[in-house]
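Chain lettering (A, B and C) follows the sequence in which the chains are written, and residue indices restart at 1 in each chain.
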Amino acid sequence: MEFTAQQIADFLHGQIQGDPSVKVSNFSKIEEGKLGTLTFLSNPKYNQYIYDCQASIVLVNKDFTPEKEISSTLIRVDDAYQSLATLLTLVDQAKPRKTGVSPLAFISDSAVIGENAYIAPFAYIGENVVIAPNATIHAHCSVEDGVKLGANVTLFSGVKIYNSCVIGDNCTLHSGCVIGSDGFGFAPVEDGSYSKIPQMGNVVLEDDVEIGANSVVDRATMGSTIIRKGVKIDNLVQIAHNVEVGVNTVIAAQTGISGSTKLGKRCILAGQVGIAGHLHIADGTIFGAQTGVPSSVKKPNQTLQGYPALPIMTFQRASVVYKNLPEIQKQILELQKQIQELENKIKK
Amino acid sequence: MEFTAQQIADFLHGQIQGDPSVKVSNFSKIEEGKLGTLTFLSNPKYNQYIYDCQASIVLVNKDFTPEKEISSTLIRVDDAYQSLATLLTLVDQAKPRKTGVSPLAFISDSAVIGENAYIAPFAYIGENVVIAPNATIHAHCSVEDGVKLGANVTLFSGVKIYNSCVIGDNCTLHSGCVIGSDGFGFAPVEDGSYSKIPQMGNVVLEDDVEIGANSVVDRATMGSTIIRKGVKIDNLVQIAHNVEVGVNTVIAAQTGISGSTKLGKRCILAGQVGIAGHLHIADGTIFGAQTGVPSSVKKPNQTLQGYPALPIMTFQRASVVYKNLPEIQKQILELQKQIQELENKIKK
Amino acid sequence: MEFTAQQIADFLHGQIQGDPSVKVSNFSKIEEGKLGTLTFLSNPKYNQYIYDCQASIVLVNKDFTPEKEISSTLIRVDDAYQSLATLLTLVDQAKPRKTGVSPLAFISDSAVIGENAYIAPFAYIGENVVIAPNATIHAHCSVEDGVKLGANVTLFSGVKIYNSCVIGDNCTLHSGCVIGSDGFGFAPVEDGSYSKIPQMGNVVLEDDVEIGANSVVDRATMGSTIIRKGVKIDNLVQIAHNVEVGVNTVIAAQTGISGSTKLGKRCILAGQVGIAGHLHIADGTIFGAQTGVPSSVKKPNQTLQGYPALPIMTFQRASVVYKNLPEIQKQILELQKQIQELENKIKK
């Protein structure tokens, strides 16, 4: 399908700068823009690429001011990244969707499958599972006994959902993610060994949650581990038992949240962050990459980084001085010597 | 099933404080305690919740001293967490267990399956596999050629065990964990590329080991990667080739142990710890979260944290001063100036 | 099969020191060397073991100088580790390889399977997949629509490849790794929620790439996430969307590379490294374990560690002083006091 700049600008309520009749049929990155494609510029780091870009159309933010001539037709919009999302979603939704339950899937007699489902070969659907309409379940997914899946859920290949977990509407779970595995709970025994605490709870994902590939959300010891509405979790993330993640919080790859910690709403966790157990993290907290969080964060909307998590400007200033530590130690020795000398002089 | 406080106290050898005839039929968390449920109080962080708790029974440690009136019936025991484990295990073991080998599983002709096994649809059991009695093998598990599984082993959905590995009695492996993948061994070649070192060894898990979801234990180059009896490993943990983990050591999520390192007995590794290769870590070592360990730990029973791993009090004292580094640098400059001025005055 | 030291030395162009007629039929580690086995000594940390080693043959580097008598026959070669690799590969390649397409696999009608393939039970091969000759595809692999697999590819059990990805010749993918999952792209919406940016690109692995167990390589938003020829990636590694990893770069376990970052050629990343997004890392860069990289590295062939990544000697010197921070703060207070006293004395 081809669209003109005029059609796209009308759809996005954007302003054209350049030839409104130019046509595109695909997308490209701004560094690799080709004729006949549409690209976008949102991150100023990439501004340099727009001047030589061969893409026929570039979506830019309203306030973008070029420093040189640009050959592409520009469409100015309020938020270029959001507009790109709108266009990509349009194209994505136009793709044909597989439907039908494969005879090579295993569906328990007691499972209830909503209408318009796609269930691939080798999917396993356990007893008393209830699946709402429009589910897409790829090969090798395992949906164990008593699980509930909401409407429009997508499970990519190899998703594992342990028994009794509840997945909300419009959730997307990527390959290899595990929902409802046992929390890591062991009680020490006198002989030095550990006895397992059976994990009797479950996991609840509310609506509009996305979980990345090979991430793990453990079931609660009692009650539920809860991922609230709109939470987005990247790949290889660990969510321990009895954690609660607040509405619209975003968690980047390889981050780990220890048991029973409650994350607030609209938090942003960068990659490889670690949060200790039994903490409360205030709404709107932002943690920089690799931050370690040993204690609760009470004041909302702070940006923190480092170990232990510090206000980001404090952390960055300290981290700049860190490399000078050997010099600092030397300077102190020198000062001690100088003062000794001064004292000696004065005594004389 | 319902039990009275009296029945439970008798079973746990505990002391009742309150109404011995009150009945419970389920468990709850102390923050969410409901009538008709039993909860527990072990971590003092949660003491505050007991005074408004609606649970009918609360297990507490013998030495717990309430600060206010409590409406629940208390059962005082030596170790509330351990007693909870005992009760949960009782309930857990009363659940019916699936048995039978699904006709939709693939079982090699040469495999030997012990009695009373459950093998789910789409499980794959390779050639010459030997499985002891009472195995529970969920969907999409892959048990490759020559693997041995001990008695009472549980493999949750999607566990992958490469050829020739040995799993002891009573081991529990969670979804997506991989046992016996190739160690990361490559020899540099003159042209800048790498040639693979074939990994000819295997992995041995001794008895009573638990491995978390999506964790990986690589096979040895030669010989065995060994996880000793009673070791508990959380989710997303990396155990490299030829590592040995000592008896009853516990490893929290997202920790990584590099090749050929030997961990002692009864160590505790918190989350996101990293240990370099070819090290020896003494028995009873405790590493705090995110610790980096570049060299061997010879003295047993130390608690260490930070990079490089320091005695924990040293680390914590240093980490508190860290944020003052810019101020320290300023103070030194100021001192240098003051001394210069003093010297000038004295010279006059 | 048995080989004499003479046969092995001839094959490796090595020099024998000891009995050329001694025979071996297996490999062992130098700490566990047994009669009838061959072992090797490459890492000087293990020198101590050679003097009591029972192995019949030890491969050593040409320049190895024993400090005591050694009972084993030595074979001196240019590079003992590389020679070991050669021998292990020889043995590995002599193992029989499974072939044939299992009737229990699902193969789409439109898929094209090259000759001499092994496709295990419960493998899923989607529409329009093209598989070159000599593929080895274990159980529970999912190769989605439109994927291309090069010659001699090995997919261990449970590998997941999303639609439209391209895997080069001689690639080895370990269990549970996920290729082509959605990049983590969401545009913030005014109500505080996020809208998903559909990820329309793919992943391209060039030839001779190895990906470890449970690692994830996300597909590009547009264009391709590219892993260049000869790259070796360990377990539990995260490669975000639109990343490019240069030729022969090696990435150890639990490292994460954020979106759109370009890694140069022949880089070495140790374990648990984190690299921020949209960066360029120069060829030959080496990052020590747990390094955090917040900005681009322009000068090639540096070794960096810490947060933010520092030249390794700078980092190590600073990290040694870190533990003295409380002492440093005390010393400064003391100096301030002494200077005050000196000033007072002078005034008098």
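Criterion: contacts are C-beta pairs under 8 Å (C-beta built on N, C-alpha and C of every residue); 3 or more make two chains touch, one makes a residue touch a chain.
Quantities reported herein were computed from a predicted structural model and do not represent experimental measurements.
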Exercise. In this assembly, which chains make contact with chain A and also with chain B?
Worked result: C
Exercise. At the interface of chain B with chain C, does the proportion of residue numbers present on both copies reach over half, so same, or stay under half, so different?
Worked result: different
Seminar exercise, completed: Rounded to the nearest Å, the gap separating the Cα centres of chain B and chain C is 25
Exercise. What are the residue numbers in chain C that touch two or more other chains?
Worked result: 122, 140, 158, 176, 214, 236, 254, 272, 290, 306, 322, 324-325, 328, 332, 335, 339, 342, 346
Exercise. Inside the complex, what are the residues of chain A that reach chain B?
Worked result: 106, 122, 124, 140, 142, 144, 158, 160, 162, 176, 178, 181-182, 184, 186-189, 192-198, 200, 214, 216, 218, 220-223, 236, 238, 240, 242, 254, 256, 258, 272, 274, 276, 278, 290, 292, 294, 306-308, 310, 314-315, 317-318, 320-322, 324-325, 328, 331-332, 335, 338-339, 342, 345-346
Problem set entry | Residue ranges of chain C touching chain B (in the complex, touch as defined) | 27-29, 32, 39, 43, 45, 79, 81-82, 84-86, 88-89, 91-92, 104, 120-122, 138-140, 156-158, 172, 174-176, 208, 210, 212-214, 230, 232, 234-236, 247-248, 250, 252-254, 265-266, 271-272, 289-290, 306, 319, 322-326, 328-329, 332, 335-336, 339, 342-343, 346
